[in-house]
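Below is one structure, written out as structure tokens; comments come after it.
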Amino acid sequence: MFYREAGQFKTTYADDQALLPIAQDRVGLIIVLAIAFLVLPIVASDFFLSSIMIPFLVFALAAIGLNILMGYAGQLSLGTGAFMGVGAYSCYKLTTIFPDLNILIVLLLSGFFSAGVGVVFGLPSLRIKGLYLAITTLAAQFFLEWCFIRVGWLYNYNDSGAIEVPQRELFGLAVTGPHATPETRYLIILTIVAVMTLVAANVLRGRIGRSWMMIRDMDIAAELMGVRPLYAKLSAFAFSSYYCGVAGALMVFMWLGSAEVEAFDINHSFLVLFMVIIGGMGSLTGCFMGAAFIWVLPVILRAIPPAFELDILAATMEHISSIIIGALIIFFLIVEPHGLARLWRVGKEKLRTWPFPYAT
Amino acid sequence: MNLKKLSCTAIAAAAMVVGLPIAQAEDSLFMPSLTYRTGPFAGGGTPFADGYADYFNMLNERDGGIGGAKIVVEECETAYNTQKGVECYEATKDKGALAYSPLSTGITLALIPKASVDEIPVFSMGYGLSAAAIGEKFPWTFVYPTTYWNQLSSILKYIDANGGLDGKKVGFIYLDVGYGKEPLPLLEKLSASLGFEVAKYPVGVKEMQNQSAQWLNVRKERPDWMIMWGWGAMNPTAVKEAAKIRYPLDRFIGNWWAGSHNDLNAVGKSGKGYLAANFSGIGQDFPAVQDILTHVVDKGNSKVASRDDVGNVLYNRGMFNAVVLAEAIHVAQQKTGKTVITGADMRDGLENINIDEARLKELGLEGFSAPVKGTCSDHEGAGAVFLQQWNGEDWEKITDLIEPDNDTVRPLLEEAAEKYVSDKPDWQGQTCS
Amino acid sequence: MEALMPALDAVFLAPFRDMVSLPDFLIQVIWEGFVSGILYALIALGFVLIYKASAVFNFAQGIMVVFAALVLVSLFDMGVPAWIALILTIGVMGILALTIERVVLRKLVNQHEAILLMATIGLTLVLKGAGQLVFGGEPKTMITEELGFSTGSSDWEVFDGIVIFQHIDIAAAVIAIVMVAALGVFFSKTRIGRALRAVADDHQAALSVGISLNQIWAIVWFASGIVALVTGIMWGARSDVSFALEIIALKALAVLILGGFTSIPGAIVGGLIVGIGEKLFEVYWGPLFGGGVEAWFAYVLALIFLLFRPQGMFGERHIERV
Amino acid sequence: MSTALDEVQTPLNDNTAVASEAAPVLLSVDNVSLSFGGVKAISDISFNILKGEVRAIIGPNGAGKTSMLNVINGFYHPQEGRISYKGKTRKRMKPHQAAASGIARTFQNVALFSGMSTLDNIMSGRSLKMHRGLIWQMLHVGPARNEEIAHRQFVEGIIDFLEIAHIRKQPVGKLPYGLQKRVELGRAMAMQPELLLLDEPMAGMNLEEKEDMSRFILDLNSEFGTTIALIEHDMGVVMDLADRVVVLDYGQKIADGTPSEVQANQNVIDAYLGVAS
């Protein structure tokens, strides 16, 4: 009823090309951002911020990274976890080598290392397509995991073999390490994720984003239109891996506080993959929806037995959530391969045409 | 689903967001239990979690709790996964958690800095960071009864007593993660001072069940002894592979996470002779274990699959974890005079713990383990371990307690602790008189 | 230069000197590689069967191996005699195949192969959750002896040393060979087998043979379910039955790259190359890298191979048309 | 204003040459042979395309017509022979190089970017004309935004020309076939090509759609002076549109000339009778 675009006329191409051409969407986004930036840090509990919101944002960023590669450029990757790892280890090395460098700069710089590694492992994509490529990204995953274990230099030869986040301050406020409050960490991640999402949206609607989608939809035609597969594919790998790398660095520095190689194992690659599938391939909104769904669903499932005073083992709920997520992946692939994001859009379309059910 | 339950859920959800403290019963003691009944290591996590929960439940049933306060055990499933472990920590710490036993090196490393800020002790019993034995540097972390490093020195002592170490070759097969690599620095230092050679055989987590290459190398290099830092599916596979290449199993010694019933039941007769270190008693022949059977298991309040599982190596170890924590609560209650204590009180309790032989007997655990005694600077106790041997069907204790070589190990631990805090300028230590 | 020579020697010469100096050991290494190669090949075979007939890249093959073995062991634990448990397990795999065909595949006909792959990843999650829910997460012991396999070993004295052959490994090799031969006969001699081959080439053509696509899919899933069961028994006998096995199954993906997605001989040869290659590499070159190289050897080998021959060993070069 | 904008604002009809025998040769194919694993798809074919003309390539199924187009725009590399385009002779060229030198094409089986909207599909034809780097793209302000808007303006011109304004924002995957073909033409037009290769632009269309498409092709040729090479089965259309026709059969050239000459050629009649049902 309120979601109508009637009366909103675009008078310039610039207006028409805006990210959110419909006024209600813009208002909605502003409200969401206002809640995220202003309300949540004040009212939400530490647990909600540090165990739900922070992981959600980290995974949303990683999902954006994978979605750029998979949903927009059409290159299937199972190496997300390892690329996140490259970001995390780079961040650790950078901040221990240059302890005085601003931590935000370090976080953003560390993405470049994973972008570089992403390009190297993206090289086969020039000759290999589809499932074959997916399997070669497994090579990246396992080889990098091995490096994280075997190359002691990466974790400063710690006895524990783990990277431990040192405390870093920004304007006298601890932003990493145990003394950083959840609110501080949350706001920093939120800012980084918001800005990086905007940047991704900008790139995706421009020439470069279009060249990725061209390669995805029909690589031969794209090449005949003058897109160079070399640049398009490698830039997609670089861009995607940059996002994954920053997400990995944020994961360790702003959330876990320390990490062993398991934090970047193949299961994380799959976790992010599920987020992209369920959220919707080729949709940035979908990345947030998918991340929220996959991360929050088990948390909710875990809260059900106590709420109903049922004596169900935590482990049982764990298995059930695995079944549910698996079944939902199949369900979405069958019913709506474009995931939650498409359902959301369909819902909005219904609102626009309400009360006429069949108008386009 | 009726309306009342629905509204309960909604309120719980809202409470979760804004973090209203979910009311705990007054005068109760909240003990979170980070379990891993799922995931690749579930086989070991399940009996441990059962023993832990059953002991506290037994105290509730038999004694009405500790000092009159009931113990509330809340399980949170980590699947041995660091992220979920951190989540469990965040979810339970505000409910008045008294101590955490993270049960995975990864989670332990993540919690050590967090818990010290939140003033909740971390009790990583015989795992985690060996350097945490140094109380001056790690006021909030405890590793009773002993560390990996001291355990290794005990094992080496046993080898030395059975044919000498000098000039020998010792193979070290380990899970290629932080846990398995933990004792490497000590092993290398001791090999130089004791004059033995070390051959290392890492086993990747993904290759746990595919160890033939490592054992082929063992066959080639013929070490005189093998020591294993293994966990989960790695252990039975290793013992099977060792038997396959006809390595003498009585020269193959696992650490205390590589010597449970779960590991060797799968191997059966072919694992006969394999040795493992242990610090907690085996079997049901302890009054405390009998009490668990009467008060918890037989009443159907335990999660164990069968009554026979009680008394297994890992079950008893989980129980021992609870014993130490219960004792710490007891000490803290006596020191403060309060029934309901805080994390900080708990820390004092742990630091002043003293489970000597008389106390073990009182607890119904005579001969169960070496005495556990802590001080401000010693968060480890440098307890002794014994060796047990698999007879094809069950574990048998074959040695007396073997004291570690703490004089050698302690300075190395101090060095490691120093290194840990060196790049953390804001680290809070404590001074011990 | 002088610093380089020992390094070159260590990489290019020393391993071969090692091999020659202990020939019995070399044979043992190759045998071990051969046996694990057979197991990789069996997993890959399950993939190939399904991919050939339905172009579904079945990521769930690894978990099906675990699932089949768990069903077998759990039935036995419930008191069912071993051989009856085996037959019942085959029945369970049949029901599973029918269910997968009905609930998942039928709805996804003609979808893009990436979508089908992801559906099987979803299936993996479901099977993993359901398996742990029903059977528990603890590792279980394979009922090797109860099924009539010897757990002993035989020695072969050669080159002044011995090579040890586990009977179960020999059995695995024999069963694998028999199974591949049986599949070969099935594909070339039976009506259904020929229809399966026709399906691989052209769905319409298969329909004209008078067998519905749905039936064929159910049959291939069932067939690879049986392959999974055999694999599960063999691998379970070598270590134990646990969900940790699932990750090892991923190596079959590397095998597929070498052998091609549709070639049964390719799966076998690819499996053996990966199995033997990774053992030789780990034993003779692994120490140079600090060990543990088995974790990535198969994938990196596949990656390098792909760069030179993207269509696999036995695949035909694909000509793109517009 | 930046150079990118200047380029965009150049009128479409900058090459005003009209087809005549005197017009310069734009592309010439000399003795080209192409085979796949021993099977000859094209053998020893030579012909040329003059600037500004509409050149048709016809022949029965499997005559090698599409292969010929693929050779011209660099998708296939001929084993023998040479291709000269705008006076430059080459043996190999990559498709994107062909695109950069002004060759655009459409496909027999529509090869649109099915996940993208009509507008984005046609915008994709502007890829080579857009130059703002990654940094500007990321910020999407100033030059990058202006560039995007300028090209949008240009693309809107094409949308008007092809009368597809109503499907501007729709994903092309779900459009009817005839419209998809039109969008594909629009995408090729957006490249402002000197040489436009059309592979069966009217296949599967009804009469009305064919008439529309013919009108677009003729307008494109006469108003904007684009040189066009097209493959078409409908002889009526070919005779109406083409200035000159080359006929292929079994990979060989059997005739070349004006429509009426070709129509009278005995080889052509035989080839068509032999294959036609």
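Going by the order they are written in, the chains are A, B, C and D; count residues from 1 in each one.
Keep this in mind: a contact is a pair of C-beta atoms (placed from the backbone, for glycine too) under 8 Å apart; a residue touches a chain by one contact, two chains touch by 3 or more.
Because the structure is a prediction, the values reported are computed rather than measured.
K.L.:
Please name the chain that ends up farthest from chain A once chain centres are defined by their CA atoms averaged.
P.N.:
D
K.L.:
If I average the Cα coordinates per chain and compare with the overall Cα mean, which chain comes out closest?
P.N.:
Closest chain centre to the overall C-alpha centroid: A.
K.L.:
As a quick test, compute the distance in whole Å between the mean CA positions of chain A and chain C.
P.N.:
33
K.L.:
How many angstrom between the C-alpha centroids of chain B and chain A?
P.N.:
Distance between chain centres, rounded to whole Å: 36 Å.
K.L.:
Taking the mean of the CA coordinates per chain, how far is chain A from chain D in Å?
P.N.:
Taking the mean C-alpha position of each chain, the two centres sit 40 Å apart.
K.L.:
With chain centres defined as C-alpha means, what is the inter-centre distance between chain C and chain D in Å?
P.N.:
For chain C versus chain D, the centre distance works out to 49 Å.
K.L.:
Mind pulling the residue numbers of chain A that touch at least two other chains?
P.N.:
142, 146, 149, 220-221, 224, 315, 319
K.L.:
Provide the list of chain D residues touching at least two other chains, using ranges where the numbers run on.
P.N.:
Counting only residues that touch two or more other chains, chain D contributes 75, 107, 111.
K.L.:
Where in chain C do residues touch two or more other chains at once?
P.N.:
132, 137, 247, 290, 292, 295, 322
K.L.:
Over in the complex, which chain A residues touch chain B? Could you list them?
P.N.:
43-48, 50-51, 55, 96, 142, 146, 149, 156, 158-162, 164, 166-167, 174, 177-179, 255-263, 265, 299-300, 302-304, 306-308, 313-315, 317-319
K.L.:
What does chain B use to touch chain C in their complex?
P.N.:
37-40, 42-43, 46, 176, 200-204, 206-210, 212-214, 216-217, 219-220, 232-233, 236-237, 240, 244-246, 262, 265-266, 268, 270, 305
K.L.:
Provide the residue numbers of chain C that touch chain B in the complex, in ascending order.
P.N.:
Residues 22, 25, 28-29, 32, 35-36, 132, 136-141, 151, 153, 164, 166, 235, 238-240, 242-245, 247-248, 278-279, 282-283, 286-287, 290-292, 294-295 of chain C touch chain B in their complex.
K.L.:
So in the complex, the part of chain B that touches chain A is made up of which residues?
P.N.:
5, 8-9, 12-13, 16-20, 35, 37-38, 42, 75-77, 79, 81-83, 86-87, 90-91, 94, 105-106, 109-110, 113-114, 116-117, 129-131, 176-178, 181-182, 184-185, 202, 204-206, 303, 416, 419-420, 423-426
K.L.:
Can you list the chain A residues touching chain D in their complex?
P.N.:
Spelled out, the residues of chain A in touch with chain D are 12-14, 17, 199, 202-203, 205-211, 213-214, 216-218, 220-229, 235, 282.
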